[in-house]
Every structure is written in structure tokens, then in C-alpha cells.
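What follows is a set of structures to go through.
Look at the two complexes coming up: chain A is in both, with chain B in one and chain C in the other.
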Partner chain A sequence: MRDKRSNPFCMIVAVLIMLFLVAPLVVIVIASFTPTALITFPPKGFSLEWYGNIFSKSNNFVSGLLNSLKIGLGATVLDIFIGVTAALSICRYDFKGKNILLNYFTSPMYVPSVCFAFVLLQVYSQVGRVPGWARIFIGHFIIILPYIVRNTVSVLHVFNWTLEDAATSLGANPVQVFFKVTIPLAKPGILAGALLAFLYSFDEVALSSLLSTPRFVTLPIRIMNYMEMSFDPTLAAISTLLILCSLILMLLMEKFVGLDMFMR
Partner chain B sequence: MASLELKQLTKKFGDFTAVDSMDLQVADGEMIALLGGSGCGKTTTLRMIAGFTEPFSGSILVDGKDVAGIPAYKRNIGIFFQNYALFPHMTVFENIAFGLKIQKLPKAEIAERVSEMLELVKLYGMEKRYPRELSGGQQQRVALARALVTRPSILLLDEPLSNLDAKLRVEMQVEIKRIQKELNITTIIVTHDHEEAVSLADRVIVMNAGRILQVGTPKEVFDDPNSAFVADFMGFSTFIKGSVKLELPDRLIVECSGHDLSVKRSVRDDLREGDNCILAIRSENIAIVPEDNMENRFVSGSNEIYAQENIVKGRVESITYKGHSTRVEVSGCFEENVYPAPNDYTGPGAGGELRLYFPSDKLCIYKN
Partner chain C sequence: MERKRSAVLLALPAALSLLIFFVCPMVFIFLKTIAENGLSDFVDFFTDPFYLDILWTTFRVSLVSTLVSLILGYPTAYYMARTKSRLKNVMMIIILFPFLVSAVVRSYGWMVILGKNGLLNQLLQGIGLIKEPLEILNTETAVIIGMIHLLIPYMIMSLIGVLQSIDPNVEYAAQSLGASPLETFVKVVFPLSLPGIISGCVLVFTMSMTSYVTPKLLGGSKFRMMATMVVQEINVNFDWGAASAISYILMAAILVCQALIVFGSAGYMKRMGGGKNA
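Presenting the complex of A and B:
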């Protein structure tokens, strides 16, 4: 048995580090309720004024949010089809160069997104007249693919392929085997990958800022632009809302998939 | 319920021939075992029968009809997998009902047939559990029930007892036999364990390197292997080299390292005087002759022995207590060491001398 008592010094250091990680977020959340026009901590009073400001039409936060959701969801759904297919063929079949193929599919993870954006800009200018949404969509579509491939592969890597034989011997045709056995068992990996991919797309800045046009702006870019003009507590309010959304998403995933999927 | 016939069945992986022109007939309701070491082709044969892999040449006939070209999911063959392959995301009920749901049977009938199966494998009341909540033995019963519920024409069992502890093995062995006889289903067991094969099957097929070496009842294969290789595989521990000195009508006199041993002739021996041969004997059949017994009349195990011949002196090298028997390593009898395994050993310790008796009807003889 290992000694379960912990060293008090280690405990103190650990608690301090955790405080250090969370403290700025706590400050932002509290400051978002301030009635003053400057972010002050602790806030002098309580007001929801800045939350209302988020939704005022002139600030375009809502349209930015909708754009981000469209791009994120669209790219994630399309990447699920491509990523899961890729992961399946890499894991199920034994062929030369399957590791190279896996690295190929995950390479966007290692290439700096600024480089990607630069290359895409060249392409767009060659093609010409690429609509604003497509400029960002194509970029996101490429850079989030690795998350889905990786997470699906991590599940399929330990997948017991005999289960497919078992289902087949019980009379299930290949399509039935796929939807009744393979997909349900790979689901945790696919969902975890999809969530990470979506979140990555949702707060992607570097690539989007280079590719976006004034008429199609995602939420992070909108926030960045707003920050350049003014630095009022609206930003704290919107940050608080985004933190809340992430938290809810994580809790949902924990409930349906289990967070240990993300630890792989 | 169906008969099965393999005709010149061959499977190649590149240059490697996994199954080589295999011929086999299995009668309706018969339980046979394919026995062999890893890579002998037994699992490949199983996968070809199941339809998971296509034969290179030859054919598989079920009830006289060639099944070539029929996809695995239409063959109606029940398979019990070595690792059980239970669907982890389904309950016991859903696991067993899977094949019936695929057939789109009415719900009431599915429920009835599943509960019928649960009764058969004695798992009543476990329907709502998930496989991970079951013990190894229970998982195995679910796997068996799932394989049987669709009323397959043939049942394939892949190493059915290998993952169980000794006590459960005996229990499941009895269960599998009972269920097989109750349903009278044609069954093929694939195993590398000769005890599993002889305890379950009506007929044992010993395989090596893609070929059949011997076909026989469990007793025939166990007591009278037709080659030294099969003998080794069936657990014979002592092998002695020699040459035939004299041919007599009912026995052969074999000279082994200066000692003459009398060996009962077997039906297939084609040995002539002067031929080199190998003798094989099971450990438990070598008797230790008590020293104080001049007439060589003694009791060994449950047999009363009157040994007139085949007694050889040797020296104890080591003694290993194995619970139900004791393994004794004896040198000096012949060039090779021999390994008697008496139930209770009371002879001398390491370095001491003792006399061993090799019953002539327990010695198997093979051409070398």
C-alpha cells in the first residue's frame, strides 16, 4: 500500500497553483456585474447593464455568435463523416503506410494556423470571389479534423473487432453491424472529438482574423475588434456567458460520455 | 441441425498454407474437436466454416449444399468466441435478443425465446445486467445462449474452456455437453488443450501445419496416438529411442540403450527387425517397483501388477510434488530421462536408486 498522507507543503503549492489558474476568471465574472463604465474590482454596486449591452444590435455580438455557431457546427458535422471514415479505415485494415496516413490526417494540428491562413489567402486570391463564410469555413474544416480523427482512433485502437464477427454470425449484415455495434461503441470517442473540434473552432482567432472579411465575422474576431475600440465591462459580461456555456457543455459531456475520454 | 462436410478445403495466406486439402465429415448432432497447437490451421478452418474468410480452394457442404458465396450473416452458424465477444453496450437480454431483433421477430416471441435460453444456461434473473457486471462463467453462459438462440444449424466453439479456472472448467464442461445433447446440435470445438478436446467431443481431430494427423474417439486419441508427434501433443511425457530386436506374433522386443523392452503390437505397426523406433508412454503408466518385493507383485494405483519383464533400474534426479501426483525425473534407465508420476511417491530422494516398470500394453511404438 502506498502512503496516503500528503506532504503539507505540496498541498499548499497545489492549492496556490489552482487559485492562480482560476482567480482571473473569478475576477472577470464578478467584475461583469459592475455598474461603472470601467472594469473595477471589487465592483461598486450591481448591475446587468453590460449584459444588456451584449444584445444591442449595434454591437453585432449576436450575429458574430450565430456565425461562429454556423461555422463550428457545420465544420464539425462534416468532419465527423470524414474523420470517422478515416479513423475506421486506419484502425480496421492492416496496410502499408497506415501510420503515415494517420499523421497526415492529424498534421493540421502541428502546422501553425497562421501559416495555414497565409496559404489559404493565396489560394483565395487566386480563385477570387470566395464568399466570406466559405473563407473561414474551409480553414476551420481543415484545422479541426485532427481532433475527431485522433479521438476516434483512440477508441478504435482498443476496439474488439471480434464483436463485429459476433454480430455478423448472428445475422447482421454489414450496415447493421456498423450502426448497431461499431458506431455505438465508438460513440464516446467520436463525441469527445466532436466537442473538442467544435470548441476549437468556436474560439479560433489566428486563422479567422486573417481570413475574415468585414461582412462575415465570427464571435472571437468581433470581441477582438470591440476590444480595440473600447474596454468596457461588456467584454467581462460576454466572457462570463461563454464560460457558462463551456461549463454546461462539459457537464453534458461528462453525463453522456464521461470526462475520462478527454484524458487519452 | 445439419451435417457438415469439408472437401479438400485449402486456405493460403500468400506463400503460407494455413489449411492444406482438409477432408472431414461431421454427422448431424455430432460434437467434434479440432485439436492442435497455435498456427495448425484450426482457427482458420473455423473462420472458413463461419464465412469470415473465403477458402482458397475446396468446398464446405452443409447438409450436402455448398455454402460458397453465401455471406457470413446468412449462414446461420452460431459461434462462441474465445473472449466471449459480448456487446458491452447491451444488457444480457439485449445481447441474447440481438440475433432475434435482426430477424425482426415480434417482441413477445423474442422475450419468450430469450427466457427459454436463460433457463437453458441457468441465468434466470440476470437479464438487466451488463456483461461487465457478470463473472467469467456467467459471461460464458450468456455467450453460449446468444449463439444458440437463433437456432443455428451448426455451433462453433472457440476454446470454450480456456479462460476459466479449474473448478468452473469442470462445471462448464458438463453444461456444454448437456446443452449440446439436449439440443442435438452439430458442434465443432476448436482447442489447443487435449483435455478440453477429449472431455467434450465425440470425436477428436488432431491437426498440425494445416493437415489432419489423426481422427478418433477421445479414448483412441488419448491412449493410442498414431504418431510420436500426436503422442507428444496428447501429453505423453516419456519418449525412448530404440530398435526392434525381435518380432513375435503378439509383441515386439525392442532394445533401448542395452535394455530389452517387450511392446504389445498395435494394429498399425509396420516395424520389422532392425528398424529404429521410438517408444512413448504416459507418466502415470510407469510404475515404481518396491525394492523389498522379490516376486515383483505389487499394487500401483488401483492395479495389481505382476511384473515379469520391462523392469529397468534408474537414479532419481529430481522430485516435484504436483498435488494429485508427484513428478519424478529418473536418469540412467536409457539415454533419455524418464518421468514417472505416481499418485503418492514413497521412494528414495534425489540421488537414490529405484526400479521402474514399463507395462508392455501401455507402450506406444512408432517408426523413427
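Presenting the complex of A and C:
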């Protein structure tokens, strides 16, 4: 930029925003090693006590984590199947109403999850006796579908369909074409969509807080319940572990599909 | 014809799942609510200042969060779109990283910073700037700070895409023709980046209208927004009629606001002559 006045100004704002974005995360990580129940800065010493506390039975963090993983992974895997086929039907064939169909597939995105959760709650009370995991699973299964459809469509949108014809003319059968040509080329979009969908489910609170039963509670709800009882650094410890997992996931994503997949 | 059949077959699983678990419940419950309670809950909502105040609070917090995100996000996105320094990759990671960290964790971070015995108060009292701790947590300010933290990455992402597609030579051309930096911004960069501004604003505004975790954790029990009120009516007051009125009004409010932003800006862009590219 030749414009010498706007450049430093933009840079200063950008740096300040970056500090603003990382500040709470850094604070959490430091706080998790505080030896005292009250979080002070700088910490008076170093302790791993709170990390041990995560695994104590009474807190139920571990069972919450397992529940969250079951719901998140289950819903994501199922949605990959129906979401990728749905995206294929839209992108591969030319027909009237393609856009309407795409909007239909992504429509759960436009409904606040609290409102959808309340509707499901009323349906469950009519049906009666829906098991705890299924109450949450159905909700998550629906609200994360748009992420997979949208990300897959964004890749298939620029997909060169003649590659499929080429494979066929070279003797591949439709199943081979699908698994050896179409899926590998669409993989970055599918992976990015699946990751976003899984994370949405893993972090989801509004829907889970309305639909969870005392016997089936997901991790974010466990953390929020713990906050209401106590505010000790156990929360910082478990948050640090979650931040660490996110960091690892992100580095893996950068390695395998590139971060620009998230910018679509 | 065979192609048409495979298209239908491929679309069927997703289409049916959505129909059974999403569309049918939404329509069925809406009709049932109207049939059983009529419109009395909606009338209650719009005649009770308590509820109207919640709607106004929700709207106000969302508007402020959106505007601040835009004002602070724009220079950030502009810098990131134009810079060639290695800082850009680090910034990209910092912006994307919060996408992957739960809103509960991020709100918790702000609770540690803004609380009565929090980091900020310790710091300010330590250097003797204040005597009594500031009450920030459990106020609207805390909610807005948390909301901006949550949503500014979405705004920046929307803006970067558009700003990167503006050729810097257009700006040089404007300046070599005698435009001041401010004029260049107002007459060239800003109009060209309008599509990104609009999509960013719609996204951030909608997300803050419907957000639940941030107002619940940073606003405390006395601070109410539409989404937290729905849950409170169900779990605390056991008033399902009021809860459904609030949730349908929230859905309608979002649709109306989105339509206003999109159509309003379409009119503006037509005047600017940028309608075709937008």
C-alpha cells in the first residue's frame, strides 16, 4: 500500500483485535495452574490439582464427555451419508428447483436452535418415553446437516464432472467412479463440513439444555451446571484441555485440507 | 429419465429426514399452539412491558455487537487482505481458532477476566486506579463484550473475502486522480466491499439475536434476552404458552430484520450502480 496513513492504523487495530481474541484463552490456560481456589494474577505458585479434579467421579465430566462424543460422532457420521448424497443430487444433475432444494437442505440453519429445541420438546411430550440420548441425538442430527451439505456443495460446485465420464470411458464401473474419483476430489469439503458439524454438536448448549434428561447430560451442560455450584479452577483445567483438543484438531485440518476450506 | 431417478434417490434420505424430524414438528406444533391457545399468548407478549423490554434488549445488544464488530473488523480485514507479511498466517489462525473453541469456554474466560474478583479488577486495583471493584460481569456490557468476541471472526471472514477481490490498482487509480485517502475509502473501497459488509452484518446480527450461552453466562440471572427467556419460561416458570409465543416472535423478528437489511442494501446498491455485481 502506498497509502501511508491508513496502513499503520489498520495494523494497530488488527493487532489489538488479535490480542482481544486470544486474551480469554490465555487467561484460562494460566488460571488452570493456579494453586488457590480464587484465581489470582500472577498465580501464587503452580499446581496440577484441578486437572486431577476433572476426573473425580462426582463431577461427571468424563461421562459428559463420553455422551458428547457419542452424540457428536454418531450424528456427524450419519449426516455425512445423507448430506453428501444430498449435495451430489443437487450438483450432479441439472433440474428446475435446484436452489429451492439446497435451501430446503440448509433450512435448519435459519431456525434458532432454542426454538427448534422447544418444538422437539413438545413433540417428545406428545410421543412420550423417548430415551435421553435420542432426544438430543435427533436435534443435533438435524441442526448439523446444513454444514455438511453446504461445505460439500461448495466443493462439488466447481467440480469437473467430465472426470467421472473419463473414468467411466476407461472402464470404471459407477461404484469405482464414486469411490475412486468423486469422493477423493470432494474430500476437503466433506472433511471441513464434518469437522464444523461435529464441533457444532460438541459445543451445542441451547438445544441440549432443553432436551437433556438428568441421566443423559452432555459435557457443555455439565460445565455450565458446575459453574452454578462453584467457580474454582477445575473449570479452567477442563477448558484448557478443550482448547488443547481444538488446537490439535486445527493443526490436523491445516495439514490435511488447508485452512481456506473454512473460509467458504 | 434414469438420471432424474438417481437424483431423486440421492436426495431422498436427507429430504425425508428433514421432513420427518424438522418440517413436520415445526408445522404441527405451530398449528397446535394456535388451535389450543389462539393468539392470546402473542397478545400478552405485545401488551406486557416486561416482554417488550426483553425484545428491545435483544435487538439493542445485537445491533451494538454488529456495529462494533463491523467498525473494528473492517480495518482488521483490510489489513489482512492487503498485507504481505507473515503475520497474516498467524492472524488467520487466531481468527479461525475461536471457531473451534466452545462458547462456554470463551464465556468462562471472560467471567475470569471481568468478574468482581477478576483479572481486570485486580489489575486496576493493583495500580490504584480504582478503589471499589467495577461491576462489569452480569451487565449488558459484559454480554456485548462476549458477543463481539464470539462474532467478530465471522465478520472479519466475510470482509476479507470481498476486500481481497478488490484490485489495489483501483485504489491507486483513485488516488492518482487526486482522491484523498478518505475519499478513496468512501467512494471506492467501501461501495465495492458492500456485499461483504451486508453478509457479515446479517450473519453477526442473526447469531447474536439467537445466542443463548453468552447472555446466560455473562449476563447473569437478571439479564434476559429472547433465547434465554424461552428456556427460562420452560425450565423455571413452566409456562409453555409464553415460551412458544417468544420463540415464534424471535423467528419472525430475525426474518424481518434480515429482509430489511438485504432489501434496504439492495436499494442502496442499485443507486450506487453496483447491483449487478453484488
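FYI, the second predicted complex is superposed on the first by the 258 of 264 C-alpha atoms of A that agree within 3 Å, B and C clash if a C-alpha of one lies under 4 Å from a C-alpha of the other, contacts with A are read in each partner's own complex, and residues count from 1 in each chain.
In this text, a contact is a pair of C-beta atoms (placed from the backbone, for glycine too) under 8 Å apart; a residue touches a chain by one contact, two chains touch by 3 or more.
Just so it is clear, the structure is predicted and the values come from calculations on it, not from any experiment.
Putting chain B and chain C on the same copy of chain A, do they fit or clash?
fit
May I ask you to decide whether A:Asn53 touches chain B, chain C, both, or neither, giving the answer as first, second, both or neither?
Touch partners of A:Asn53: none, neither chain B nor chain C.
Just to be sure I read the superposition right, which of the two partners does A:Leu185 touch: chain B = first, chain C = second, or both, or neither?
Once the two structures are laid over each other on A, A:Leu185 reaches chain B alone.
Between chain B (first) and chain C (second), which does A:Leu210 come into contact with in this model arrangement: first, second, both, or neither?
Only chain C is touched by A:Leu210; chain B is not.
For A:Asp165, is the partner it touches chain B (first), chain C (second), both, or none of the two (neither)?
Touch partner of A:Asp165: chain B, not chain C.
Quick one: classify A:Gln176 as touching chain B (first), chain C (second), both or neither.
Touch partner of A:Gln176: chain B, not chain C.
Contacts for A:Ser63 in the overlay, against chain B (first) and chain C (second): which applies, first, second, both or neither?
In the superposition, A:Ser63 touches no partner, neither chain B nor chain C.
Counting residues of chain A touched by each partner, does chain B or chain C come out ahead?
After superposing on chain A, more of chain A is contacted by C.
Which angle, in steps of 10°, is spanned at chain A by chain B and chain C when each chain is reduced to its C-alpha centre?
With chain A as the vertex, the angle is 90 degrees.
Least CA distance chain B-chain C after superposition, rounded to whole Å?
11
Which positions of chain A sit in both the chain B and the chain C interface?
In the superposed arrangement, which is not itself an observed complex, chain A uses no residue for both chain B and chain C.
So in the complex, the part of chain B that touches chain A is made up of which residues?
For this pair, the touching residues of chain B are 50, 52, 71-79, 81, 83, 85-89, 98-99, 102-103, 146-147, 150.
Once bound in the complex, which stretches of chain A touch chain B?
160, 162-163, 165-174, 176-177, 180-181, 184-185
Spell out the residues on chain A that touch chain C in their complex, using ranges where they run on.
1-3, 5-7, 9-11, 13-14, 17-18, 20-25, 27-28, 31, 38-41, 81-83, 85-86, 88-90, 92-93, 95, 101, 104-105, 107-108, 110-116, 118-123, 138, 141-142, 145, 149, 196, 199, 202-203, 205-206, 209-210, 220, 223-224, 227, 231, 235-236, 239, 242-243, 246-247, 249-250, 254, 259, 262-263
Using the touch definition up top, name the residues of chain C that touch chain A in the complex.
Its residues touching chain A are 3-4, 6-11, 13-15, 17-18, 21-22, 25-26, 28-29, 32, 72-73, 75-76, 78-80, 82-83, 90-106, 108-113, 115, 117-119, 122-123, 149, 152-153, 156-157, 160-161, 168, 171-172, 175, 181, 184-185, 209-210, 212-213, 216-217, 227, 230-231, 234-235, 240, 243-244, 247-248, 250-251, 254.
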